[in-house]
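Chain IDs A, B and C follow the sequence of writing; residue 1 opens each chain.
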Amino acid sequence: MDNVIFSNVIVLSAIALAAAIILYMVSKKFNVIENPRIDEIEKTLPGANCGACGKAGCRNFAESCVKADEKSFQNLYCPVGGTAVMQKIAAVLGYSAQEKEPTVAVLKCNGTCQNAPAKIAFDGVISCRLADKISVGQSGCPNGCLRFGDCVKVCKFDALHIDPQTGIPVVDENKCTSCGACVNICPRRLFVIRPKGKNGERVYVACSNTQKGAIARKNCKTACIGCMKCVKICPEVVVENNLSRIPKSVSASRYGAELAQNCPTGAIIYKPAHKNEASDDK
Amino acid sequence: MLKISTAPHLHSSADTDTLMRGVIIAMLPAALVAVLFFGIGALKVILTSVAACVLWEYLIVRYLLRQPSTVHNGSAVITGMLLAFNLPPTIPAWMILIGAFMAIGVAKMAFGGLGKNLFNPALVGRVFLFISFPVQMTTWMKPSIRDFLNTDVQSGATTLGILKHIDASSSATSLTGGAESLPDYGQMFVGYTGGSLGEVSALALLLGLAYMLYKKIITWHIPFYYIGTVFLMTGIMWLITGDIRYEPLTHLLSGGLMLGAIFMATDYVTSPMSVNGKIVFAVGCGILTFVIRLYSAYPEGVSFAILIMNAFVPLIDKFYYPRVFGTGRK
Amino acid sequence: MTNKKTFSIGGIHPDKYKITSDCPITDAGLPETVYIPVKQHIGSPAKILVKKGDKVKVGTLLADADGIVSSDVHSSVSGEVTKVEEVEGEFGYLESMITIKVEGDEFEPSIDRSDDIVKEIPFTHDEIIEKIRSAGVVGMGGAGYPTPVKTSVPDNKKIDCLILNGIECEPFLTADDRLMVEKAEQIVIGAKIINKILGIQNAVIAIDENKPLAIETLTQITKRYIGVNVQICKTKYPQGGERQLIKAVTGREVPSGRLPMDVGCIVQNVGTVFAIYEAVMKNKPLFERIVTVSGDECKNPQNFRVRIGTPASWLIEKCGGISDDTAQIIFGGPMMGTSAVNVNAPITKLTSGILLLSDRLSHKEPEQDCIRCGKCVDACPVGLRPFLIARYTKENMIAELRDINVLDCIECGSCAYICPARIPLLDYCKLGKMEVKKTKK
C-alpha cells in the first residue's frame, strides 16, 4: 500500500515538473515584448472599443499613440474621452494635447408621430436599414426618421432612446460621447456631430428633406422648405437643395433664439444654455 | 392602411407551439401503454409530473424573472411528460416535485429558458432523482392489465437489470433471476415488462416516431443512428462472444433506448443543428450507452449517455456544419 | 428525361397556391395613363430622349442605354408624353419616370404584329445581339440584368450548356407557366437564337413537375427541334435560383463569388427567351410582359399580358379591386417580392406578379427565442447557418459574419419561412450582408 502511494507521488510530481518546464519554455519562446506605455495608455481610455477614433479598439488606439511622433499624435483623438483623456495620454508620452471643443450627436429630423403622421403600417420590420430599402417610411418623407431605432441599438453609451410619445430618438447629451456610431448606422444619415456649445447652447436645422417645399410640407409639418428667412437673419446660414444648413460657426447665443422664432415651420431648433450648469462651472 | 413588411411574405404554419403540441401528441401512445400496464399509479405520476413542471415554470417566469408567462408554448408539458416517462410508477409525489424543480428550475430556467439550456431538462431531473433516491427510483412494478386500480408494489425487475445480473449469478439463484426470467421479444415490443413508465413499449414509441417524422417535427437521423449504433455494437460483440448479455434485439427493445433515441436525444435545444452533427451526436450516444450498459455498475446508460453528449453539442456544432454551396469542403 | 432532378442541399416546400395555372393569358387592354420608369434593370438608368408634349407610338424609343450595363426603354402605348419628371414609385420614393397619356393604339411600322411563327434565323451573331440590345431586353426572372451583357461571353470562357428557366418556384405565380403553354414554339425558337449567339447546339428547358401542361406541350414541340430537351425537375423552392438550377440540371456548382459562365452555363428565364424571340424575329421591343394577378384576397385571379408602365391599381381593379381584408399588396412573388407602398406604381419589365395577401397569410408574428431546431440549417440552399448569422448580426460581429460566408446568401427567404420561432432570419442575413459590405469598402 505504501508502495502505491509512494509511486503515485513520484509520478505525479514528475508530471507536474515536466509540465512546469514546458510552460516556462513556451512562455519564454512566445513572449512578446510590448511597450509598457501601451498598457498605461489603455488604462486611461474609456474601454468601450467603440471605434470612434478610427481604430479597431482602445488597445489599437493606445498602440497608435505610442507609435506616433509628436506631430502625428495631434491627429489622434479619442472623441469619447475628450480633451481630458488626450491630455493624460500626452502626459504619459511627454507630448502636449490640443484642446478640442466637446461635441454631441444631433438628430437632423423632427418627424415625430405628431408632426409627420404615419400613412402606412409596418408589420414585423426590425430595422431602419431594411425599412429604408423597402419603403419611404411611415410619413412619406424620403429623408425622415424611420423610427425603428437602429441608432438606439448601436449606441454603446445608452445615450439614445426612442421617445414613446414622439417615436423618434432623443439624445442624452450628458451620456453622448459623439463616437459617431449612430451617424454611421443611420441609413438616412440623420445624425451629425456638432459642437455641444457653451453650456449646451446651440442652434441647428432639424430636417434633412431636400424635396421642394410643398412636397416636404405635405408629409411633415416641421419640414424645412428652403424659404430663405433664416438667411436674411444670419447671412452665414446656407440653403442648398431646398434645405437650410446652419454652419458650426454661427453663434448660437447671438442668432439662435431669433432663427428659431422666425422659422415658419419650426425646423430650426434652438437649445438655450442650461443655467444651473453655468453656475456649477463657476 | 396597407401593411409593409420584408420578404418572405409567407410563413410555414408550424410555429414553436404547434411543434411542441406535435411532440406531446407523439408521446400519447406511450403514456396510454403505461397507464394500461401499470394502472392508475402511472396516470398519477404523469399528471403530477406535468402539473409540477408547468407550475414551476409559471412560478419562476412570473415571480422570479417577472416576464410574461411562457407556459403556453408547451415545452414544460413535454418536460413533465418525459420526466414521468423516466420514473417508475411507484414513485411518491413529493419526489416528482423535486425532480420537476431540478428539471425546470435548474436545468432550464437557470440557463435562460427555452432554447438556451445545455442539458435535457427531463433527464437532469431524472438523473438527480436517480442518484438521490436510488431505492425508490429502481423499485419496478410488474406490468398487469387486470389490476388496474391496484397500486401495491409488486416488485419486478427490468430486462436490463436481469441481464446485468446474469454474469454474477450463473447459478441462477440471484434475486432477479437468471436468463430464463427474461421476457420474450413480443412482450418487450409491446411493453409488457418492468421498467420506467414510458420506456417499456417499443411499439408505442415507434408510433410516436412515425407521427413526428410524418409531421416533419424531427428528422430520422438521430433515432436511426443512435439505435443503429447500439444494435451494431451489441451485435458484433454477440457474434464474437456469443454471450447472452450482448444479445442485440434485447438491447434494442429494453430499457430506455427507444425512449431516449426518439424523444430525448432528438430534443431540439440539446441536439446539434446540422445533419452531420446530429449523426456524430447520435453515434456518440450509442457508443456511450453500450459502454455504460455493459461495462459499468449501472444496468442502464441512456440518460447518462445523452447528458454526456449534450455537453458536447456546442463543440459538435462548432465543427460540423454544412458545406457552403460553391466552396470547397472546409 | 424521365429522371426528375433537383438541387442537393436545402430547399423548402411552401404551399403552392397556383390558382391561376389554368387561366389563359388575356390582354389587359390599355389604361388611360402609363408611367414608364427609366430604370427597370440593373445598372445605370437610361438617358431620356423625349420631352413633354412629344407624340410617341408603341415601340418608340423613350430612353437610351447609358453605358454597357444599361438598357433601352421603349414606349408601350401610343399617345402624348405629359410629364418627364419624378413620380412616386413602388416603395414611395420618387423615381424618374416618363408619363404618357394614351391616345389610340398605333405601333411603330417596323414591328411585325402578325401571329405567324417565324422559324428560320437568317441573322448573324452580331445582328442578333444588336436586335436584342435595341429591343431593351433584360432578364425578366427578377434580376433585370441586361440580356446582351449576359449573353456576350468572353473568349476565354467556353459555354456548353444553355438552360431555360421554366421553374417558377414562387407560390402563386403562373406567368411563366402559361407562357410556356401558349408560346411554346416561340420559346423553343428563342432558345435556338441564343444557341446561335453562343455557338452551341443544345438547350435544356427546365420545368418543375407541378406544371404538367407546360411539360406536355414543350415535350411535343421539342421533338421537332434537335438539341432542345425538356428536363423535369422535382418541385422544391428555390429551384428557380440560377445556381440551384445549374446544380439541379447539370450537377455543376458555381463557385462562390463567380458567375454561371465560369462553369459553362447560361441560364435564361423563359419570359426573357420569349422576349428575345419577339425582338429578333418580330422586331418588337420589350414593351409588354405576362403578369399574374393573384393572392388569397384577389377576387378574380388572372394572367394578363400587360403593357409596361400600367399602374398596378388598374390591374387590380380589373380583378375585382382591393378587398377589405387585403393586408399587403406584393410586387413579385410572396417569397422574394416586395410589399408595395404605392399601389399606383407601374408594372415594370421585372414585375412577374401582383399579389393581394390577407393578414392571415402575410402577418409576421413577433420574434421568439430560438429553439435550436436546426430547420433553418436544413432549409438553406446555400448551406449557411442562418441562426448563427442572426446571432452574429445582433452582436455586430462582422469578421465572424464574413467567415461564415454571409455574402453567399441568395436571400431566398427559406430560413425565415421555415423558422418556428418566427425569427426574421432573412432580415438578419440582409443586415449582416449590409454591414459586411460596408466594412469591405
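The rule is simple: a contact is a pair of C-beta atoms (placed from the backbone, for glycine too) under 8 Å apart; a residue touches a chain by one contact, two chains touch by 3 or more.
All figures in this text were calculated on a predicted structure; none of them were measured in a lab.
If touching chains are joined by edges, the resulting network of the protein chains shown connects every chain directly with every other.
A count of C-beta contacts for the chain pairs B-C and A-B puts B-C on top. Distance between chain centres (mean CA atoms), chain A to chain C: 42 Å. Distance between chain centres (mean CA atoms), chain B to chain C: 49 Å.
Chain centres here are Cα averages; for chain A and chain B they lie 52 Å apart.
In chain C, the residues that touch at least two other chains are 327-328, 338-339, 341, 362, 364-365, 424, 427, 430.
Across the assembly, chain A contributes residues 120, 123-125, 130, 134-135 that each touch 2 or more other chains. Each of residues 2-6 in chain B touches at least two other chains.
Per the touch definition, chain C reaches chain B in the complex via residues 9-10, 12, 14-15, 171, 243, 247, 253-258, 326-330, 334-341, 343, 355, 357, 359, 361-362, 364-365, 368-374, 377-378, 380-385, 387, 404-405, 408, 411, 413, 416-422, 424, 426-427, 430.
Those residues of chain A whose C-beta lies close enough to touch chain B in the complex are 119-125, 130-131, 134-135.
By the touch rule above, chain B contacts chain A in their complex via residues 1-6.
The part of chain C that touches chain A in the complex is made up of residues 91-94, 327-328, 338-339, 341, 362-367, 396, 424, 427-428, 430-431, 434. Per the touch definition, chain B reaches chain C in the complex via residues 2-12, 14-16, 18-19, 73, 75, 113-116, 219, 268-275, 278, 321-327.
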